[in-house]
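Below you'll find a set of structures to go through.
Next come two complexes built around chain A: one with chain B, the other with chain C.
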Partner chain A sequence: MEALILREEAHCMETRDAVVEIISQTLHVAPAELADDRKLVDLAEDSIALFELLIRFEQALGGHIKYEDIAHIETVGDVIAYANTLPADLLKSAFNRTQNPPL
Partner chain B sequence: MSKDPECRVLRNDSERLAARAIVKRAYEAQRYSAGSRIAQYLQGSHAVTFGLIRDEILYGTISVVVDSEQGLPMDTIYADELSPWRSLGEKLAEVVQFAVDHDVYAAAFGTKPTLFGAVPLFAAALSHALAKNIDYLCISINPKHDHFYNMLGFKQIGARKQYESVGAPAIAYALYVPEWDKHGSTKGFFGKEILKHMAV
Partner chain C sequence: MTVALIRHVRNGRKALHEAGEEAARRAVRTACRASHREIALESVAIEKDAMGKPHGLISGELSPVAVSISHSFPFAFAVASVIPGICLGADIERIRPLSAAVIDAFLTKREAKLLARLPPHEQRVELVRCWSLKESVLKAIGIGLRMHPRRVDISQIIGAKGKSHISIGIDDVMHKVRIWSSLMGNEYIATAIAIPTTSTYYGSVNLKRRSALYGNSRCSS
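Up next, the complex of A and B:
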């Protein structure tokens, strides 16, 4: 039981790191500034930056996310919570892909 | 009860002036000069300005200028790049003055627009280009946004230059309008959202 909890916690930490990395790269904000309660609209310099973030997540996750699921996401924590509902290996491989985002 | 946001053509000088104020604030927030060089292109019959409006509060805008004898705003620094296309008879238009004022929206409605709040403006510009049988929808972008426009299927048509009047760098991009929906990224939720708003 304890091992299972520890594995779950490790997965959540990995997910958080991956999400923060994508947001940090796209919005050019240091990871240390991406607290869970920070609103994406406040972090983004403009609407284009927000669009780019959404499309990067979509590309990274290979179409596994739906508009309805993310349309009302507001904060960094919301993105992390949503990502935690996805299979662990999906976000991990997504994170690797964003190192060289496809054009 | 508050209405849903609507995106429509701005009808009079008062509305267009409010749109220009939004653009000016957006430019100044990024320490650029909004300038006035584009205003002359927006006053003629070849231009249309769209607004994003909720409960009569204008909080977003985009304009499309169709090529004419007056030329396009981006001719200022990209005339040589556009010239071959004009020689071939391609019909050009330029997207300009895109801005969304999150603070105006927040002050009126107590919350900022949703992440996709500005999509209807893109849909309106694209619908207008299709309706006018435009071949290439051009745009002069800030280089920091190049990844986004690449993802939407825009192709770079001009090297990085400096807009002296704005005090900002620029790169020229263009979208081949008749095949705008053939690009892979438009199959995703962003493209679907644009299609949804184009259908309205």
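Up next, the complex of A and C:
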């Protein structure tokens, strides 16, 4: 049971790291500033930057989600919560992809 | 459709938001004036509906006035129309190079082909104008970026300078619209669009708007 909880915690940390990495790279905001309650619309310079972030998530997740599935998301915490609902292996590959950003 | 632009807005979200509402109130007053009615600026309030779309409310009147607001530091920009049955969308953007990923994602194949025919010096501005017009359309139908911009087809607008009445496609359905765009120096572009609500099911019915948001239709290219 303890091992399972530890594995879940590790999965959540990886998810947070992947999400924060994508937001930080795309919007040019330091990871330390990406608190869960920060609104994406406030972090993005304009609507074009916000759109770029959404398509990066869409591409990072390898087309397994639709744009419209993520376009209603408002905060950094919402993105992390949504990403945590996705399968772990999908997120792992998304995280690896952010090490060599596709865009 | 009347336009109000406020320059030299202080930076910061609150200042831009307040300037946007001020621009919208002025646009409502100008729209009333154009239809031979004088109203006081203080009698106009701007309120948002459940989807975040703003509406102008004139004190003592039941029918809201169609408005749309946009800001890009140091500008606040708004449009208004007192003509019933119109939905409005407005956008102002700083002209800047767009990444290849953004260009590939928001343009339809037909739009990309038409833009590629333009001289390189025109492409930079026209790309931002295309983005701005698509955002104006999405704001007009009250959805914004929650709907993929590629589902809006503005290919008839590309290169059609000086035309104000034109057709656009939303999910492959064509709608006759009125467009307006203006360059501010070489740094910013403002656009606005008026769509008759009778011509689009997106107009004002929340259920239909939700269906557009969360329905299964994929973006077409």
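To be clear about the criterion, the second predicted complex is superposed on the first by the 100 of 103 C-alpha atoms of A that agree within 3 Å, B and C clash if a C-alpha of one lies under 4 Å from a C-alpha of the other, contacts with A are read in each partner's own complex, and residues count from 1 in each chain.
To be clear about the criterion, contacts are C-beta pairs under 8 Å (C-beta built on N, C-alpha and C of every residue); 3 or more make two chains touch, one makes a residue touch a chain.
Just so we're clear, the structure is a prediction, and the values are computed from it rather than from any experiment.
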| item | value |
| --- | --- |
| Chain A as common anchor, with chain B and chain C clashing or fitting | clash |
| Larger contact residue set on chain A - chain B or chain C | B |
| First (chain B), second (chain C), both or neither touched by A:L40 | first |
| Partner chain(s) touched by A:K66 [first = chain B, second = chain C, both, neither] | both |
| Partner chain in contact with A:F51 - chain B first, chain C second, else both or neither | both |
| Common interface residues of chain A - those touching chain B in one complex and chain C in the other | 42, 46-48, 50-52, 54-55, 59, 66-67, 71-72, 103 |
| List of chain A residues in touch with chain B within their complex | 39-42, 45-52, 54-55, 58-59, 63, 65-67, 70-73, 101, 103 |
| Chain C to chain A touching residues, read off their complex | 13, 72, 91, 93-94, 96, 98-102, 105-106, 131, 135, 145-149, 213-214, 218-219 |
| Chain C-touching residues of chain A, taken from the complex the two chains share | 42, 46-48, 50-52, 54-56, 59, 66-68, 71-72, 102-103 |
| Residue numbers on chain B that touch chain A, as the complex places them | 26, 30, 60, 98-100, 102, 112-119, 144-145, 147-148, 150-151, 185, 188-190, 192-193 |
